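Okay, got some structures for you below.
Each of the next two complexes has subunit A plus one more chain, namely subunit B in the first and subunit C in the second.
Let's turn to the complex of A and B:
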């Protein structure tokens, strides 16, 4: 009985959606998305909510290029099978024009082949894997944020230019995330990689600590310690390297820059001097207190997403990527179809974005589907992160 | 687990008749099976027509529904028929799925052959897991299988196996087209639907016959009264381990089909949530009532979407509400509800 009723509800809602389709399709552009609104990665759901709020703002102000945006976002619970189902629903039932900001490396891997076969643009994915930049094989799929490879390359460049006689030791998480950093760093070091990298120690996520890895890396006599780790292990590595008095220049992967989750548990004294890279403005950083773009973002948050966390990097991220989509839709022009939108997304020439650090822009081209490929280094001063030096570029093309 | 069970005897409704007990029972069972057959034929005709009426997306959803139904059927054999608990069937589902993916993508073997291999492999794994688990009863067994479910995604990520499992990245599978020139008539989604339907029907037939056989009676005797069963000469440990093996085999074959339909396997696809979903499907469908698997599968495929439709922010809460509502209104699942309705109408 209940099953039948819910089936009928599902059928009825499907009818409503399809019935609303043709009428709205005249002037609305349909953008589809999947996000983990539930499950282990549900914190990322804030990104989807921010994007939705921003599109609501655009619609309230008359839309983009004369059209309203219909943003359809479904929960995939960070489960690849669910992502496949929801993506098929978006493409086959809701008939979206483009997919945008689908989140998670496994989920996007699961749908990539299907989406490309269906020829639906699969734009600005929310994942740091490098494999979204393969225009030959997957001409519909593009990344957005700097990939882990790009970040690895950026550290390598800075080390080569600024550290005298570098001897690099790397602690890395043994999965695709860790390997991407290694690839990026080795490619940027080029032929010198073998002589400059004196020690590598992988660790498994199932391990309780990385203390012994840190000790063996120190024994290699390295003066650069590169920590490619997720928050828990990053905190251990920072703490341990400080405890044993290893005076190396320490680099920390961007995924673990959280002050609350990593540097505080590691100890502020132990964390002092750690270097990492950034590309977005940090919501809580006092230097952006008077920044007009951040003021605009705060005003937007207050009006359209009042429940949103203004201290979170996810809401800044969502706003920035939604702005990118707005730009693409404007460029594609009035009455643009999916192909025109894809072309606009893959022909960006130094496009600025208010959420990116000054000097970082977005560029794409026929052989470059990675929009952001520059970052700026920051050093932890014992209280907050401080940006320093020039913007470092690691463009693939 | 003293649960009244239709497949077992013909149920409580038979006793209402005035005729001599054995005859009345036979008549009631006969009448029910005619009704059952009619329902079955109608459902089958509907299932055969469905791919020609609906869009590919719906066909895909119904295929996944059947896949989950097979997995639930497997768990039902273990829990409903044999009275053992499992919170770890997601693990067997994962083993089946990876068997399909590795055979198809690494070894280049046709997808049809992955089913028997996955079935046999999961039977062995299930049987071996069932042997030590024999010492565990009820809630302790549930905990042991819980550990299995939690450990599986981590094993799939381990470096030594990465060459085969693809590590965190998983394995992308190429979707098979319809064979024998059928691809002119059926697209890949329709073909996989019919393929899954055929496998599902075969497995259902197998399960039904198993339950009605001598082995089935032994399994149920163990569930209802293990001491009595043992004193009647039933080798409880062999039967219990076998039940675990067969149950794992069904769920493994479901995983195998699921991988082919989804075209992708990764450790994140087989988290503990999957095991819970299979268990939820079992309880909703009706513990011990085999056809309930379909209704249970419908619940786990559609209700999360319905809940999300109602409210994105409170989807989990609405899902929980539906779950509680069903448990409250139909404490013995859809099977119990149907039996109650039939009993009421028969009066």
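Let's turn to the complex of A and C:
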């Protein structure tokens, strides 16, 4: 542990430049990125490592559309000021063609205006905020994963169709992340929102516990408990609602679905029955044991990223998003410039991706920069997540 | 009505958390007449040590005293190594070191054990105290342990030579030295004890809020509020103060719509300011008069 971490930090403090041999450097396409390789959010760094490994694989196989990929990724330690500094470096000094998969809502918020002013495509960001889908204001910026609003809308749809006489209580983190879920859910409920949502309790991340909020929500008599919380508070809310014997249908935001980091600390018994939504295949789910796409992913991991965690959702995510970028570069064609790449990224038509759940595809258009807008619900059975029901669509356009 | 009672019970339960921390705050205040900003992080670090030992398979009731001992030695050592050399330096130097310790413990915990939350088991078991009870087994146990620690502290300061010597050293170092008390040793002892109480607090708090490097950040603030409210010189006052902060916070958050979730945290700060304005010594504290 010690070794891996210190190695990772050492690797991150120097920057990592890969692949492209000098001969190919001339026409290599430069892709820039910032990730937290150090600091509290460094676990996300695995996404960057996976993408890097995937581009290495592409380069080894002759590149994409006849060009090598030069992937330049810097450590921003999940700190917006550092992200700004590193992004400037990527654009001004390294002169990257596009930015790709920059991670974190705060960091991307900090660079969004600058990047758009510089007219550098800012593609497939690793964050679920809804504000990456504003083609009018920010024509360079696109998201990738389903946004928090989309997810909120998906739960709302399911609740309306499947819960009898729903009375919804919402615990939400008082910031953009929490508000996005509220907006998504209220928009999907439409005019019924005011009567169906019987209680809302915001909490601050500085609070020690959310016990008091959970008690108040239960007292509202709600039969649906929607937990919009980051891992620590999600675990507290799951544990507390079980402890006080609140028999509501519990929904959990996708950011806190980690079995190891949330449900196990909260207790498997207490977590039983919790519902969340998914769009990626789960690496540990036995139903994908014989899936050819997952077998391909495992082979890739063994060869190009042997240190990578094959039980982690981050490596699946990184592979899926890197595949999306590969598709876009192929579509943009030989000798494509930044504009052509942006166009390819924003005109995807039901593009399939081997890491997405069957039935979910990626679609973008001139007024819709959100590629993935469908999810499937899953229920925690006390050991693992089990997918159930149909794919639920919440396309914004 | 049911909600009202539930919120009070939940407030008492969280109040027990604050009370534990407030005790550690009072302890260190007795010894050095400062508030130690790194107190919470030291407690968090002790809790990680406990968690690690439990992971290695040691039984809880072996780990519990062992961690208290380790924390005592650790606190003692910190005083000897870091604070002894700057004994006569101005207050600001001490504060800078408190903040340095804060950052060091916080980062090291993240470095060694990473930032994901860990579940620390409760020695009292999970679930409600009895079928249908509003208070959990762990919460009840926590209140019990807090009261035991309080009793021990009171006994220590009132009846033991060392306890009396420690008080003398804190109140009047000059005279204490003249009657043969080793003042600087008393300070180190105070650090050790504060750190040991912090370890107890951390181990009791972690099952409720989950263990992670920032676990104590806001709890320490509430602990300060409890200690100031009850009186920084009075262990009993600190415990009562902690409970009051817990209950007031919950009731205000639930029933005063303006406060809601957003203003819950400032309640602790508001209490500190209000107490300092109206009754600076706190509910049960002694007025400290210093001749100059």
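As a convention for this text, the second predicted complex is superposed on the first by the 371 of 397 C-alpha atoms of A that agree within 3 Å, B and C clash if a C-alpha of one lies under 4 Å from a C-alpha of the other, contacts with A are read in each partner's own complex, and residues count from 1 in each chain.
Methods note: a residue touches a chain if its C-beta (ideal position, glycine included) is under 8 Å from a C-beta of that chain, and two chains touch if they have at least 3 such contacts.
Because the structure is predicted, anything quoted here is derived from the model rather than measured.
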item	value
Which of subunit B and subunit C A:232 touches, first, second, both or neither	second
Touched partner set for A:216, first subunit B, second subunit C, both or neither	second
Which superposed partner A:267 touches (first subunit B, second subunit C, both, neither)	second
First (subunit B), second (subunit C), both or neither touched by A:175	first
Partner chain(s) touched by A:139 [first = subunit B, second = subunit C, both, neither]	neither
Which of subunit B and subunit C A:85 touches, first, second, both or neither	first
Touched partner set for A:206, first subunit B, second subunit C, both or neither	both
Contacts of A:40 with subunit B and subunit C, given as first, second, both or neither	both
Which of subunit B and subunit C A:114 touches, first, second, both or neither	first
Subunit B and subunit C contact sites that coincide on subunit A, given as residue numbers	1-2, 40, 174, 202, 204, 206
Residue ranges of subunit C in contact with subunit A within the complex	2-3, 6-7, 10-11, 13-14, 17, 110-112, 114-119, 126-128, 136, 205, 208-210, 212-213, 217-219, 222, 249-250, 253-254, 260-262, 264-265
Sites on subunit B touched by subunit A in the complex	55-57, 60-61, 64, 154, 157-159, 167-170, 172, 258, 262-264, 266, 268-269, 271, 273, 284, 295, 298-299, 302-306, 308-309, 312-313, 315-316, 322, 325-326, 329-330, 334, 337
Footprint of subunit B on subunit A - complex, ascending	1-3, 6-7, 9-10, 13, 37-40, 73-75, 77-81, 84-85, 88-89, 92-93, 105-106, 109-110, 112-114, 174-177, 202, 204-206
Residues on subunit A engaged by subunit C in the complex (per definition of touch)	1-2, 5, 40-43, 174, 201-204, 206-209, 211-213, 215-216, 219, 231-232, 235-236, 243, 260-262, 264-267
